[in-house]
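Each structure below is given as structure tokens.
Two complexes are shown next, each including chain A; its partner changes from chain B in the first to chain C in the second.
What follows is the complex of A and B.
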């Protein structure tokens, strides 16, 4: 009995598989680097920090993103927050939307409509409507698709270098 | 063999100069080139940095999003930069992320480029993103454009340096020529007399020493003729040094005409010349000496004057009269002294006795310098009588010197020495004072018509103190001027007629009478006599000696007296010793005489 319990505990505490871990890390790095090629309108980010808000149920992804805390973006320190889709997201400069149902995503997009917040979604291979940058993965490489009208609606600008590197750009 | 001073121009210095200039230019060229190379290299590096930074911004994004193809495309832009040979982007872990290699076979740099660091240049910089190096980019560029520019620059600089060297050489050559000319001038000045252009004493000594050594080796002989101009002092003193210099030049030119090319003529200084005749024995030396005397006997036209100088020559033979330049010259000098003593315009060979004479003369000179202060000089008086009545009309004051060492010394010996040494001024003043004082005494004793005659040396005319001295002496001794007669020789009248005549006129104005002494043996001309304020002629004893038997002398004396009469001059015959002479002189109209017949020179008492 004790043996089974211990096994369950070990299983629960076991780190994600190595390949999975690398995928989150790479995605987190891409998310961080995306922030370096985006321009926010003047006045944002506020309060001396750059706020990255993660809306995800995936612990590993959340963990990878939280490790970005302390890096610098546009000269200020990055802070990683974990939020619920229903939370107030007005303090965020960048929001990562993990896998969620369309309704929940729709509410978040609605909440952020017109706000200078860079939204990044985990598209899993397709451009997610209303999300500015959708990440996908092919082999070891992470690619991204950009919805430029969405970006422009938020008052943001993306570096041409970034646009050049995107798999696709919706104009 | 002409005297030839040796000159060393030191050609080695020229080469050294050239080398140092070339070296300096070479160093300057190297510095210029290396500095230019460094500058160009730096420029190149800057350009490379700019090119690297252009691609690095794009490449950083490609690196962070792991888009190697995009990075590769970025690097491919370098194909428009032909200098860039290769470009690489390397990730921090050392893996090659993207690279570019210039297409086509790139030519290897020339062999010399490598060691000079001119073959290729590498540039490396990190690709930064938000102050973090995400990769390194490194570029390798060919320095071909740099090499081309440096080669061009070297060509220009070397050309300029070469031109500078040529110009410097030309300038230095000019400078050297000027310096050489200067050196030659200085050597010439050091060895040649500036006035006459003849070798000077220094060159004479070195050259003669050389010639004598050669002659001695060959067992040959030589004659050294040492001569000076008989009346040069008079000309110099009376007409001034500029005229004296002109005369020397004229004499030197004349000598140059008459001596043989092979004879060495030098001017030792003043009016002293030497002539070295190699191979000459007695007879040849005499011939040369006669030749020189002849040549210098003619009057020289100088500055409007006709100057008769004449020369006396002393001859010393090598090797018997001296085996060194110094000894030979001293022997010739002694011989010259003997020639002058023998009556000028003549030559004498050196003889052993002359050494003794020279020593004697030195002793004489030494004694004479102290004669006045030691009271060894005294005046004696010879009566001048009226040939008709036999009555004393005056006295000629004559100087006597009794030396404690040498005994009585003849005035014929010591007066010329006093003249040469300048003692004559003090002696003359002494004679004048003594004679005037004595005459005052005679006047006081009642001999109211006595006149004293005092000899004035030619030398006393130069210096302009004579008139003052006479005036002062008359004042001090309270002697009326009419009782003083000054006897001057014809020599004093030579040359500076104007000046001497002025002095004579001033003396005449004082009221003293003037006599021309030793008349007949000198050069005084009738036209001169007419212009001079002279009252009296004294016929030289040499004419009186043989009258009345010698018809020539008798004729001369008669003529002199007739001429004096015509000019209104009185005449005194000197050296009257016989009754016959007195009778003849009286007969031809000479009124006064002086001589042993009437009385020897004696002390006043």
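What follows is the complex of A and C.
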């Protein structure tokens, strides 16, 4: 038994090879870039702080988003919160809604409608009604779609760079 | 010594690994991120990947596909798990390790993080006595190996946490009815709703079976319809924002045909009753960005009644009744702190106070009491765990917990896990840990006034275990998940019942040691259209201090399960093989394989679901080795059972 253990441990020390990146890490990094290229109206929730709220039952995604905490956005330190559908979301500038029950997500979107809150979904290809930016995966690449009317209803503005890099933009 | 060297080695590797830098993807331009090739999320549950254990997760979907009606049925399909039954209870043997007369005291069973093991016997409910309907289960997390560094007492060979469904997952109502062999009938209603930040759910069920006929085994002979059963379960939960209030009450009555403890054979008075009640408050809140608080308060109420008719040695026909009443208060607080880059710190505290821990024994026929004990106790535990992301490849998981029990003092249990992400598809885990199990009130205080059993005057120490594990997980490009596990357990101070030569009375003492080791391999794949296949084989070896095989523990376990969607129909199939085992008399109980099937018909009018389940499809005759309380050396298991179920959603 010990011999086998030792052999496996030695094998494990072989240098790791990696070419591709982890889906959640890339999605979290894209969400960070969204915060840099979006503009909130003056007086939007709690100026002087920047809060990213994650509503997801996917632990890996929640962990990846929590690791964005401490990064700088608009000159302040980003705070990453883990929220639940029943939580108070009034402090959030950005809300990630992924891998959750449709009914619960619908209620959160309805609650945030018209608010200056950038809503990000994980559509997996299909756009979700009311969500401003929808992330997905196709051909082993991460993409995002933008629903511009939803963005405008919230009083937000997105940099032209985001509109250019989006896979599709609903105008 | 071996354990210490291993730990040193792990820490050494961890520090070496931490010298490599951690890549920050946010530093890459957006264009580069969008053009990078990514490994998409696994089809298999993700939280398992970085856990410091070989965790298995059973989802609501699998429970439905296979029609499992108890925790025992669901866990029997997991690699390396042995499930045994003696017509009173079902018993769990994680990694095939199970000793006779072990009433699930070496596993911790939790419901949404609340401990279900009672405070008298510290028995984990696993079979029909498990207090929640399987329809209300979202998922079951099964973690083999020691969990004492977080969960404390009883998390000795494994931890099972059952997570309930949320109201939002199934809003509306559901009604179900079942009919089956041996006079089985059951009805259930469930209702739930979510509105704004409030949600609630309610579930009520009642099931009954008259008993199968005939039940037979070598010593006892044929006994008709003496393993009837009746159970009632009520569960209610109200969610108000971050606060959840839950209430649970479940009672199971079971007739025992096996005539344990030298009781009269074929006497219909032989019955046991288990009742579990819980009233709980759970509050989960984000205290500040990156820091979550979980607070639990639970009032537990457990009642047992065992009726033991007559005595074959004295030829008495008196009815003896054992009663147990356990009531306790359990408080838990846990802080999860992610604010320090690269670390996930979990701080926790637990406090449990027995309000009542009564064991009472009376002879109903003569109206005399032979036991009345109410020795309460308390325990306090503190733990700390750090998940330290050293770099992209290495994750170090360090945890330790200190418990103080009023019965014996302190126990300190560390755990060390090193998790290596060799590639995004390959994970290796190197794990070492310890655990303990405190003697329960039955082992400490049960005596029957010179009848057969007495209290050990010098008290009992806790049992101890030290473990080493290696886990390898690899997901192939074609979506097969391959898992391999190697483990080695060393157990000492096992609490064993012996006969005192001075007076011939039985008493518990810390006596045995046990060594166990083995390897388990599993291949699993779920296809996009719902097909699922899982195959596992475990080679195990358990020996007691005298070098004998441990009764009930097999050397070989093999499992296969498949789910096949067939044009609107769905067929769930399972096959379990359990190798030969030693029985309590030193003989051998033959190995067996058993096949279970569940067929779900296409949806009726979009609201109804009709299913048919057949347990032990080929009506195979097989036995589990018996416990010390039985005269027979093996207990015959149930033959073919056919059940039909109709569920209606509205």
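Criterion: the second predicted complex is superposed on the first by the 146 of 171 C-alpha atoms of A that agree within 3 Å, B and C clash if a C-alpha of one lies under 4 Å from a C-alpha of the other, contacts with A are read in each partner's own complex, and residues count from 1 in each chain.
Keep in mind that, in the parts below, a contact is a pair of C-beta atoms (placed from the backbone, for glycine too) under 8 Å apart; a residue touches a chain by one contact, two chains touch by 3 or more.
Quick caveat: nothing in here was measured; it's all calculated off a predicted structure.
**Q** Identify which of chain B and chain C touches the larger number of residues of chain A.
**A** Of the two chains, more chain A residues are contacted by C.
**Q** Of the partners chain B and chain C, which touch A:141 in the superposed model: first, second, both, neither?
**A** So A:141 meets both chain B and chain C here.
**Q** Considering only the touch criterion stated at the top, classify A:169 as touching first (chain B), second (chain C), both, or neither.
**A** neither
**Q** For A:33, select first, second, both or neither according to whether it touches chain B, chain C, the two together, or no partner.
**A** Both: A:33 reaches chain B and chain C.
**Q** Now for A:159: first (chain B), second (chain C), both, or neither, which partner does it touch?
**A** So A:159 only meets chain B here.
**Q** Looking at the overlay, what does A:73 touch: chain B (first), chain C (second), both, or neither?
**A** first
**Q** Which holds for A:87: it touches chain B only (first), chain C only (second), both, or neither?
**A** second
**Q** Is there a shared patch on chain A that both chain B and chain C touch, and which residues make it up?
**A** 29-30, 33, 37, 71, 141-142, 161, 165
**Q** Quick check on the complex: what are the chain C residues that touch chain A?
**A** Chain C reaches chain A through residues 2, 9, 13, 25-26, 28, 30-31, 33-41, 46-47, 49, 166, 168-169, 171, 194, 196-199, 239, 241-242, 284, 286, 289-290, 292, 338-339, 341, 344, 392-393, 420-424, 428, 430, 468, 470, 472, 486, 488, 517.
**Q** Where on chain B does chain A make contact in their complex?
**A** The contact residues of chain B facing chain A are 57-58, 61-62, 64-67, 70, 129-131.
**Q** Help me check something: in the complex, which residues belonging to chain A touch chain B?
**A** 29-30, 33, 36-37, 71-73, 141-142, 144, 159, 161-162, 164-165
**Q** Quick one: in the complex, what on chain A touches chain C?
**A** 1-2, 4-5, 8-9, 12-13, 16-26, 28-30, 32-33, 37, 51, 58-60, 63, 66-71, 79-88, 101, 103-104, 107, 137, 140-143, 161, 165
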